[in-house]
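Look for subunit A in each of the two complexes below; its partner is subunit B in the first and subunit C in the second.
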Partner chain A sequence: MILLKPGLYLITSFIALLVLAVPFFLVQASAPFWASAGIKVLTGTEWFPYEMLFGMLPAIIGSTWAILIALFIAIPCGVATAIVTTELVSSSLASATRMGMEVLAAIPSIVYGLIGLWLLLPLLQSSFDLLSGHSLLAAGLILALMILPLITLMSMDALRLVSNTQREAGMSLGLSWEALLFRVLLPQAWPAIRGGILLAMGRALGETMAVMLVVGSLDRMPEPIMNILQPAQTLTSRIGREIGEAAFGSIHFSALMACGLLLALIGLSISLFAHTRVVKA
Partner chain B sequence: MHQQLNSIETVVKPVNKIEVEASRLCIDHLSLQLEGRAILSKLSTTLPATGITALIGPSGAGKSTLLRCLNRLYEQWQGDITWGGQSILNRDTDLLRRQIGLIGQKPAVFPCSIRDNVIFGLSRQQRRAIADEEIHEALKQAALWQEVEHRLGEPAEHLSVGQQQRLCLARALILKPDMLMLDEPTSALDPRSRDIIERSMMELGKSMPLLWVSHDLDQARRISNHILFMCDGKLIEQSDTESFFNHPKRIESREFMRWSVCDC
Partner chain C sequence: MMFWKVLKQYRVKGLLILISLPALVLPTICLVYILWQGLPVLNWQTLSGEGVTGFGLEHGMFGQIWGSLLLMLGANVLAAPVALGLALFFNLYANHNTQRTIFTLLHLLQSIPPIVYGLFGLFVFVHLLHLGISLLAGMIILAMIILPLLVLNALHALKAISVEQTESARSLGLNDMQLICRVWAPLAWPTMLTGQLLGMARALSETAPILFTATVFSGVLWPSSIFEPVTTLQTHIFYLAQEGGNAHVVSIAWGAATLLITLVLLFSLTALLLRRIDQHHRIS
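What follows is the complex of A and B.
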């Protein structure tokens, strides 16, 4: 038992070092790329590794579109599901919904990708008369399905945490259910819901396999830029698709590491922001 | 405090006898079961048209539950509750809750300014149209005006518990209720805040019926005109305050007054 405390300190120190080592490793691995290509690649539109062109803008825009579509669908659906389950239906039905969401959250992402391939792509192909269903819309829809459980579960917890005293105070004032929802429940639950949305954004940003299977992996800018029905590329799908082809230590390999660093920095920023919001909530 | 009480007296609404009679609350054989357990059983009474009725009894007697039934927070009861001759179940729930205000044991202020808390129960149009004088009047009626006169824009959470309780009272009063129910409103307050609320309620009791749940027999004797004594979900005795404390009819009432417990 004498060694317990030192042992715990040792393990914690190792984990802390690991956390610091990941960004250090990414910076180190991508350093040759940044040194040769420079920061201007962030606005470049051409990605042809064998011609030493590493424009990252199409993938950045692809990732942004996919996340925006996912959030646009998942936030209203998730919050609405949470409102219905916590406020309107019986507790047994609410428990069943919660369990269903937890099951959805536990499904591996590759399974979502396969569902997308099997169901979503043919549906989009026939609905919008596309060559194939591979598109930013498909990526956004799959991501929406994947982050929906997280947003729903966080929103359910947030609404449940609004005290009964506040609810009864609102009801005693004769507030209608709608007024109670929009003036008492949602404003008080919103900080925690917002934290859940930011965590979901982090997950959507880092998702690789499911997106890779449905996005089309075409390195070009959408034309026009609002066109979400074209095949495109995201940062994660590019890394997933090309890392096997890149020679270890090459500039191509280093460029993919740079994509990883970019993702890590954005994800880290979102996580830190989400953490401060959740803690405040 | 005297200044505050003077200001309360000036703003109390005049009593309109027809209105008062129309707003009498009658309870007829009210019973309620929750999770198979009888919480209220065959409770019948008619509340006086004005004055404070103290609802007393040991913990678990069903006092707070009765208030929740009258406010329709519970609706699965048997029997009948009428308000102005009409069953409360046939009335619009939101309107009924505005007419019969309920102040809880713990003050529940909303995370907004003192001013916004006072007008929280009003509709959007009413909130836009309301004159500052009406807000001031509600705060005066709740004996809070002098303490918040220059800080109406501050967050309500900055007030003390006693002030928050009076803010809840002002929030209920601005809706111009016909009756107020108070569920141990002073149990968490210091003696000064308790006295202020008691006096402002005694003034209000001259113009509307008040139903006040209290564990404190001294307080019930001090403030009320009528007593309802409940135990184990039953209404054991009801009478005017003086008769109840000087000549209790039931042995349970005498025991409760002596030991603050009841063997029902």
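What follows is the complex of A and C.
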């Protein structure tokens, strides 16, 4: 049993190496692209791999729009659900909702893609009179459905952790239900709810399959920039659509690796931001 | 007048209930819709592919089911010992600073999107190490994706053991190995098992990272070695879903989705049930 200690040290250093290896190899794989195209591609608006045009801005804007739409819908809905289930209704209904949310969270992303493609797109097509329904709005709506359980479950936990003493103190002061909610409960639960929102943001950023099926994969800037009813592209959907046809060693392959690096960096910074805020609080 | 008074009194509550309505009804709608579309399609003919022609449907779905389960098992077998080892190191040998570093690293690993792991795996395992598009590459990538989840869960399981128990075991002269096998393992195994089941559910539901590293479109019933590609339910749904011109193919995709959801829910609901039983056990 003398082997236990060195063995555990070995495993731990292996994981530390792994954390370093992921960014290292992504940088290495995308190096030819950065060397040939330079940092200015981040603001380029044209993406035609076969003409060596690699503007990343359309996909970045697409990702941003999709995440914003998803958060705009999922945050109010999720937090309201948490409030209703923890403060208003009976505990059996609350646990039924929790169960429902856990089922929703367990549905694989590809199945959400199927729902998006064959249920949501026809609905959008008929209600907005679009050509196919493929749009950033569809991507945002599907993402909202996918991150809703995350936000709801985290908010429910956060509200439940506020002690009943606080509620009773508030009530004995004669606070109305609204005042109790907005002045006592929500401020205390907010750090944890914010953590859930950041987690959901990271999840929405990295989601590939569902977005890829509904977003339309058309690499051009939204015209005008507020237009979310057009087919568009996100960083993840571009990788998913094009990695199969990019030959290993080509600049195209390298450019897609650069998209992956960008995704990893954004994801890491969201997580670091959440982490430092939590440590401070 | 009465009406307005009531409305004013309950406007916040009413508004909150109104906003939360989607979350209350959507889980049921989604599940019922998937089952409604998928269940009628699932019969022996679609599963075995007998008498069906075209678009990869002639092989049925058993190949896909095996592929998904193989990837899931492989990923969990690879990740479990590493996760357990790290959790034990955390509790036995790491000082406070190391513990904080490990925690930060785990959260960082968790924040990298799955598709980025897919790209990493494509570059390193498929091309640099010449594994090719293979079962093994997919297993390693999925293992990396579920690793943070398993470690955090194992840490949680060990943290729930009271310090008194560990200390009394130490004072009786137990060494590290005896402490792990005789004290920690009997107390922590239900939570560990929960985590493993959640890891299995997670590995089953990931699609993007294995799409271009471990799977092919069709034709594999049982891979002859771990260096061969497989077909999986996840990627099967993806390919079939895009055949818009053929309603029958899309309906098969719903059938595959029903199968996949049944498998995933089997693992995750068992995990949740186990967690609930464990909590009751602890309280009583």
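The definition used in the following text is that the second predicted complex is superposed on the first by the 275 of 281 C-alpha atoms of A that agree within 3 Å, B and C clash if a C-alpha of one lies under 4 Å from a C-alpha of the other, contacts with A are read in each partner's own complex, and residues count from 1 in each chain.
Assume contacts are C-beta pairs under 8 Å (C-beta built on N, C-alpha and C of every residue); 3 or more make two chains touch, one makes a residue touch a chain.
It should be emphasised that the depicted structure is a prediction, and the values quoted were computed from it without experimental measurement.
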{"item": "Subunit C versus subunit B on the shared subunit A, clash or fit after superposition", "value": "fit"}
{"item": "Contacts of A:Met171 with subunit B and subunit C, given as first, second, both or neither", "value": "first"}
{"item": "Touched partner set for A:Ile239, first subunit B, second subunit C, both or neither", "value": "second"}
{"item": "Which superposed partner A:Met52 touches (first subunit B, second subunit C, both, neither)", "value": "neither"}
{"item": "Touched partner set for A:Leu131, first subunit B, second subunit C, both or neither", "value": "neither"}
{"item": "Contacts of A:Leu17 with subunit B and subunit C, given as first, second, both or neither", "value": "neither"}
{"item": "Which of subunit B and subunit C A:Pro187 touches, first, second, both or neither", "value": "first"}
{"item": "Subunit B or subunit C, by number of subunit A residues touched", "value": "C"}
{"item": "Which of subunit B and subunit C A:Leu161 touches, first, second, both or neither", "value": "neither"}
{"item": "Angle at subunit A between subunit B and subunit C, C-alpha centres, nearest 10 degrees", "value": "90"}
{"item": "Shortest CA-CA distance between subunit B and subunit C [superposed frame, angstrom]", "value": "12"}
{"item": "Contact residues of subunit A, present in both the subunit B and the subunit C interface", "value": "none"}
{"item": "Interfacial residue positions of subunit A with respect to subunit C in the complex", "value": "1, 4-5, 7-9, 11-12, 14-16, 18-19, 21-22, 25-26, 28-29, 76-78, 80-81, 83-85, 88, 97, 100-104, 106-111, 113-115, 117-119, 145, 148, 152, 177-178, 181, 202, 205-209, 212-213, 236, 239-240, 243-244, 248, 256-257, 260-261, 263-264, 267-268, 270-272, 275"}
{"item": "Residues of subunit B defined as touching subunit A within the complex", "value": "71, 73, 93-98, 101-104, 106, 108, 110-111, 120-121, 168, 171-172, 175"}
{"item": "Subunit B contact footprint on subunit A (complex, rising order)", "value": "163, 165-166, 168-176, 183-184, 187-188"}
{"item": "Residue ranges of subunit C touching subunit A (in the complex, touch as defined)", "value": "12-13, 16-17, 19-20, 22-24, 26-28, 30-31, 33-34, 81-82, 85-86, 88-89, 92-94, 102, 104-105, 107-117, 119-120, 122-124, 127-128, 144, 147, 175-177, 201, 204-208, 211-212, 234, 237-238, 241-242, 250, 253-254, 257, 260-261, 264-265, 268-269, 272"}
